[in-house]
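Structure incoming, see below.
By written order: A, B, C, D, E and F. Residues from 1 in each chain.
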Amino acid sequence: MPTMHIELFEGRSPEKKRELAAALTKETCRVLECEPGAVDIIFTDVKRENWATGGVMWSERD
Amino acid sequence: MPTMHIELFEGRSPEKKRELAAALTKETCRVLECEPGAVDIIFTDVKRENWATGGVMWSERD
Amino acid sequence: MPTMHIELFEGRSPEKKRELAAALTKETCRVLECEPGAVDIIFTDVKRENWATGGVMWSERD
Amino acid sequence: MPTMHIELFEGRSPEKKRELAAALTKETCRVLECEPGAVDIIFTDVKRENWATGGVMWSERD
Amino acid sequence: MPTMHIELFEGRSPEKKRELAAALTKETCRVLECEPGAVDIIFTDVKRENWATGGVMWSERD
Amino acid sequence: MPTMHIELFEGRSPEKKRELAAALTKETCRVLECEPGAVDIIFTDVKRENWATGGVMWSERD
């Protein structure tokens, strides 16, 4: 029953997320020997103005 | 101090979420014997194109 | 596909959590009109020395 | 590698979040004696109609 | 800066998680065209008595 | 009602977390102009064998 939450900067296309979800599910099933139907993946699109590293928002970086 | 995070597909009305929050708080207080004010519930609306099961996005399903 | 994460202070018995999971699932299905099998609930037991309100850890309170 | 997720009501300006991220990172590095670059902070803006306390949504309160 | 949180039943060996983290990072970088160093993965081991599906704890299933 | 979840490597003393919770709450109230009692902070201690960056677990690093 692996459940994955993936946070990434907004702007990724549905196609990219679809491709990524398929690839991550495949690898998870291969390594953990589980059924694909047991794997849930939820993407969260994060705005650069909502994510800081080192105290600086990514929207403030070049 | 139970805190609940509930992820569900977007599209649920505020009325449904209000009804659900009231019901879940009531049951939580009944079972755990705590005060209603101690229960926090946060809903997260998830797009079907952001949730995959079995490697397939829910937006791709019929 | 509602997925719930519930954080609560450690010390609740498996019986209480089992009772709570059953009750919350029932109410969720009633309000959202979904199948029980679509509801996932994950409990996280939090130590009082890991939870602060108002800047004070719960392990420091009477 | 402290990673913080901060949920707050929507409506806070980017400037406020920027100021808060800088302040929290500074305090975290001071107390934990770590490098600023090791601190990640992700803000989540929550609508008042998605947050309940005591079974009542914040959008229903005065 | 993709950050992944993976919840899975406790009992997986460190070797399995290590193998999975490497595979998921590789696939993420391939699909999203990002640097490996930008990918963080955090595993959370969940007890079967803390995870319910359909209102039934996994510790109660055969 | 800011709620913070802070993930950090296990091994930090209760005293350090207590000091950090007090400092973060103070800064949050100063910047957001809210009451201390509105701020919840939950720490999650993460084992180095459960956290990977760049596909390598922190337990594997020097």
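Convention: a contact is a pair of C-beta atoms (placed from the backbone, for glycine too) under 8 Å apart; a residue touches a chain by one contact, two chains touch by 3 or more.
Bear in mind that the values here come from a model prediction, so they are computed numbers and not experimental data.
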Listed by label, which chains are in contact with chain A and with chain E? C, D
If I superpose chain D onto chain E using their CA atoms, what angle of rotation comes out, to the nearest 5 degrees? 180
Do chain E and chain F, two copies of one chain sequence, contact each other through the same residue numbers, with over half in common, or through different ones? different
Distance from the mean Cα position of chain B to that of chain A, given in whole angstrom: 20
Centre distance in Å when chain B and chain F are each reduced to the mean of their C-alpha atoms: 25
Could you list the positions in chain E whose residues touch two or more of the other chains? 1, 3, 7, 24, 40, 42, 51, 53
Each pair of chains that touches, named by its two labels: A-B, A-C, A-D, A-E, B-C, B-D, B-F, C-E, C-F, D-E, D-F, E-F
Quick one: in the complex, what on chain D touches chain F? 1-9, 12, 16, 19-20, 23-24, 27-28, 30-32, 51, 53, 58
Which residues of chain D touch chain E in their complex? 1, 3, 40, 42
With touch defined as at the start, can you tell me which chain A residues reach chain B in the complex? 14, 17-18, 21-22, 24-26, 35-37, 39-45
Help me check something: in the complex, which residues belonging to chain A touch chain D? 7, 46, 49-57, 59-60
